[in-house]
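Note that the chains take the letters A, B, C and D in the order they are written out, and that residue 1 is the start of every chain.
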Amino acid sequence: MSASKKPARGSVFFHEVVGATAVDPHLEACLQCGTCGGSCPSGNDMEHTPRTLFAMIAAGMRETVLRSNTPWYCVSCYYCTERCPQEVHITDVMYTLKRLAIKEGFSRQSSAAQAPAFSETFMEHVERYGRSFELGLITRYFLRHRPLDTVKIAPIGAGMLRRKRFDLTPRKIRQIDQLQAILARADELERSP
Amino acid sequence: MQYGYYPGCSLERNAGAYHDSTMAVAGVLGLQFTEVDDWNCCGATEFFSVHQMQAYALTGRNLALAADQFAPKAALPVIPVEAAETPQLVAPCSACYLNLSKVDRYLASSPELAAKVNTALDAGGLHYDPGSLRVRHLLDVVVNDAGYDAIAARVQRALTGLRVAPYYGCLVVRPGFQGQFDDPEYPTTLDKLMRVLGAKVVDFPLKAHCCGGHMTQISEDVALELLRRLLKNAAEYQADVIVTLCPMCQLNLDVFQSAVNRRFGTNFNLPVLFFTQLMGLAFGLAPERLGIGKEFVASRPALAKIGTSGEVEQERAVGKRAKRRNDQSLPMPYMPEEEER
Amino acid sequence: MAEPTTFNPVIIGFLCNWCSYRAADLAGTARTHYAPTMRPIRVMCTARVEPEFVLKALRSGADGVLIAGCHPGECHYVEGNIKALRRFLLLKRMLTQFGIEPQRVQLVWAAASEGHHLAAAVDRMTEELRALGPLHWQQTVLRAKADIPLIKLEVGG
Amino acid sequence: MSNDQDQIPPISPPHASPDEERVGVYVCHCGSNIARTIAVEDVAVWAEQQEHVVVARDYKFMCSSLGQELIEQDIQAKGLSRVVVAACSPHMHERTFRGACQRAGLNPYLFEMANIRELTSWATDDREAATSKAKAQVKGAIERAVLQEPLEPLFVDINPNTLVVGGGIAGLTAALELADSGYHVYLVDRDSSIGGQMAKLDKTFPTLDCAACILTPKMVDAANHPNITLMTWSEVVAVDGFVGNFSVQVRHKPRYIIEDLCTGCGTCIEKCPSRVLDQHFEVGLGYHKAIDRNFPQAVPKYPVIDTTHCIYFQRGKCRACQVVCPTNAIDFTQKETFEQLEVGNIILATGYEQFDARRVPQYGYGRLANVFTSMEFERMVNAAGPTSGQVVLRDGVSAPQSVGIIHCVGSRDKNYNEYCSRACCMAALKFAHLVHERVPDAEVYNFYIDIRAAGKHYEEFYHRVLEEGTHFIRGRVAEVTDAARGPGEEGKLIIQAEDTLIGKQRRIPVDMVVLMVGMEARHDSRNVASTFGLGCDFEGWFTERHAKLDPVVTMTEGILIAGACQGPKAIPESVAQGSAAAARVAGLIGRRTIKLEPVRASIEAAACSGCRICNNVCPYHAIVFHEAIKISEVITALCQGCGACVAACPSAAITGAHFTREQVLSQIDGLLWDMQPGVLVLA
């Protein structure tokens, strides 16, 4: 028995969310005060305020939560985490909800469908080269996921190139094999914790 | 003073100006930055959204490489290892700073997580003991290690006449995974630095609000509105230039400023520079060495004001202490830090 | 008798009447569970704990001794806990010379409101003692005896 | 508990050698509280087999009258000479069982308690481990009990005078109650006037009677009461002694006014040329003179010179007050004086401080002109305050057309104070009402997490404010800003919060913001606590003996607490505690003598080497050294029984009654009965 052990109460989904977060997010402490929703820069564009999501997590409304666009509108500004009177690690919970939504394939149907695609494209480059490749990221992300918007973004790309703020080719780290081995092992650990 | 230096992907290219000016200013202040060998991307805000263990492992590799490279060497066997100071790792990019400090802190707080991450790192022959590095942001090192006095002593061409809106953004001041060197809600170190350089610092209530981060790529509706708020606030206080300390903030405010103007029918024309660029100018360095000219919104017209009297027609005093007080007005609360000004 | 799978250490706990005994009461009232390894003795103040008590406990089969008192500055008897601290540091140095690991004798501060804190201290100490294994007083001290003249020499020289 | 037992002289059996002691062991089930986790019958059966034990029983509720009778019968029928009860904490029922022993003719100090509930059955689920721990505790108690000695309590006289520290509503109430009962009270306040925080208020919730109207008569009563010695502008600097006989040193700060001559006419205040911000009584919203009193009805009426702002004290010139004073009452040469008081009891009523709103920068206090704290607003609505009761913006003239009231500023927040400050919800409702009253067409918004209106007529007051048209937005405010996003927000303060009942973020533009700042323990409460020898909790509030059953008494006999120094409180609770503390003190004084625990140290003269180590170890200066015979001696009445000297004595000449070396060593042996080499336990 340990003094720090928490009682196993709450919905199955609540424990899924807490368990999928690397460091205990203290989600059970939420007072429903709304400081997070009030502080959020993109709060008005969210289908549910973070506080609402936490109530729904406690109530076990798994699918509604994972289909919500809320986590995808999180800009990682940490205002909520900083101000939360109960020290809930809200930003970390948002990351967890994004991962669970991707796993279930719900993210593709939300009104923020672009967000996971952007994250995934970003990751592909990092996995291949070890560093981010902005020109490649923008080109591939827009051509593959938002072909119609490519025209809009093109002048920005051209401006970046003209000012030498984009590389034409990616920069690869020397020990890319080492990085890929580490990421592969991390992937295994994630799959079989 | 010796530091490990983690530039991050942005400083390699899109924020090359930040890297160049950082190096130039560090040289003047005697800060020695040694780049982490073969570092990789920190994962920005993207990896955590998709793959948790990979996100920790990715940053874990950077920490492991840096800890190894900058570990106190046993060259002097007389001095016990504990007595040597923890090596410091400096990141100029807010997101890199956040990820490096967050991973180090979380590994320290959860031995379980640390064990997992080290299992992953082991696949590449690496290992990281949390706490072996002290991660710091460039601004912290500049104002607290080099210090305001040393900076003031190096100023050759004071930025008088330039009205600066200091913009901190989010991740440098929040949530302070390795302690906070400034207030998370109303930071003031950059204000003070700009004042030391001779610039006129304008009020900028939104100085720690969000630029939208990657939202410019995901939802223009969200991102452009966030940018509009910031630009409007800086413009209302008649800033000539916004000064920032994060490549993402610079990119969003600078590159997407024209998009904001198009969307909202505004005509903001606010150049966005890195604080190191303004330091370099004040130190008398050539603008070319500082990457000035790479910004989308040209800064030359604003910088031409340096040395002028910098009068503006009227000070906007939104909610501030009224200049001329009638007899009936009530006193404002006492604020200790106002004494310093 | 079969070899036990996990070693359950026995700790003698000296709890001051005003803070730490009440902290232990509070831990129970709040149903904070912790290792049932600590056998408590109530003393009015940690300053009452004589080195002889600690030695006696270790000699009589305890694997560790925990002394718990009020936080510095909050002692019911002004600064009995500070006196206990000074005495404790001396005692600990002596025990180390006898080859007794420093984790075996611990001093913690636990205010009356810190039941959880006291429980965590017992848990932590239990884990540390588990890692160390049983204290075999006879062997440990007999082994150390050979070294004692050496220590004295060092002090004298 | 009845005190009758004190009167019956305890009959103790002649002291036998430990081997001849006859011990009874009683194991309590405490319903299922103990029995669920510990095999109580098993413990009792095992105990009966132990050395010295003549009877061992287990029983459902030992503390019940039947349980106690069981012990009493056994003492008499079986000739028990020692009693061990294994049950709850001694802090809960030691007195109960000592009483049972005494009633049966056994000296109550020949009783030992093993706490197998709080320390064992409630702290684990492991039945086997709990049972074996309980056995060890019982064995330890038996081994200790057989070495116990009969002790007689000490009786000392009680000084009937009482010291009350703090002249706020709690202290004032306590002082008046005691004085009216015929006992003398010294009422000490560090401020220049009594009245405390309540004197700053305008109206009081929920009845809306004027604070001054109900407070000032009490202040005047205190000043005129023959049984009250009022000492304002004074502080307690040292406390010695023990219950019934405290010796207190009070420092009187110089007022620079000869009180006997001053008539309180106020001419000096009027003529003083130095006008400075009043950070104290007017909380920075108004001004006072360098010679002034807190407010016109201050008690006593004498002003005080603020030397840091007095032109004479700073530059050696002026003396305007001295010139105009019709009775020559100004004396610039006054020095602080000290006075020694002898009292039997002390009531601390030192109050609270306001949370500093500057610690929450996102609410803009100090940066945004029209953000006010709740105490600033109190002063503003007070007819005697800086705006003569007008609700105005910082410009001093414009009335706000909209006011946002933000609850829980610094309270219910782990970044600041985790606790609820208790009085602010009701004060916020009162403010909403006052805004409606003073600025009839203004809109008022309350931003709250929960409305805590638990008190007589509180909920009704909430309903009244609802009916007056106050807006209630359930959501803790995220930030207050002047950065307008659009035309509707220009020139306003914008309160941004999630309206949690809608689940949407809202921005409400207002003219004025009022921050309901929480209550905090006084910044120096820890120092005060150590001066008086009582405990503070983590947040600095004074610790009561029992949160529910003994809220005005502390762990230190004779030191009581009342009002907000014990935790956040509104006026009714503070008054109730003031009265309660007074009643407790009056009850004690009425007994004339007090019984003290005989847990004291004593020195065996023959063994004392005269080294004097113990003299310095004793925090109470209770050990004197007889120079002539080179021997130290304990003054029993001063000794508090901590045992520090006992442990420090290099000659083992000092004995700590009830905690003797032999008793503790023997208890250790008992606790480790199963660990001795050669003891084989079959578990």
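Keep in mind that, in the parts below, a contact is a pair of C-beta atoms (placed from the backbone, for glycine too) under 8 Å apart; a residue touches a chain by one contact, two chains touch by 3 or more.
As the structure is a computational prediction, the values presented were derived from the model and not from experiment.
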Chain pair with the greatest number of C-beta contact pairs: A-B
Geometric centre: closest chain by C-alpha means: D
Distance between chain centroids, defined by C-alpha means - chain B, chain D (Å): 47
Centre-of-Cα separation between chain D and chain C, whole angstrom: 31
Overlap residues in chain A, where contacts from two or more other chains coincide: 1, 79
Per-residue multi-chain contacts in chain D, two or more chains: 124-126, 362, 479
Two or more partner chains touched - positions in chain C: 27, 32-35, 119
For the chain A and chain D complex, residues of the former touching the latter: 1, 31-40, 43-44, 48-49, 51-52, 79, 83, 85-87
Contacting residues of chain D [partner chain A, same complex]: 124-126, 362, 408, 412-415, 449, 474-479, 496-500, 503-505
For the chain B and chain A complex, residues of the former touching the latter: 9-10, 12-16, 38-41, 43-54, 56-58, 60-61, 106, 109-110, 113, 116-117, 119-126, 170-171, 174-176, 184-185, 209-210, 212-215, 217-219, 221-222, 226, 255-256, 293-296
Residue ranges of chain C in contact with chain D within the complex: 8, 10, 12, 18-19, 21-22, 24-29, 31-36, 39-45, 47-50, 52-53, 56-57, 60-62, 70, 73-74, 76-80, 83, 87, 111-114, 119, 138
In the complex, chain D residues that touch chain B: 277, 279, 284-287, 357-358, 360-362, 364-370, 373, 386-387, 392, 394-397, 479, 481-483, 485, 491, 493
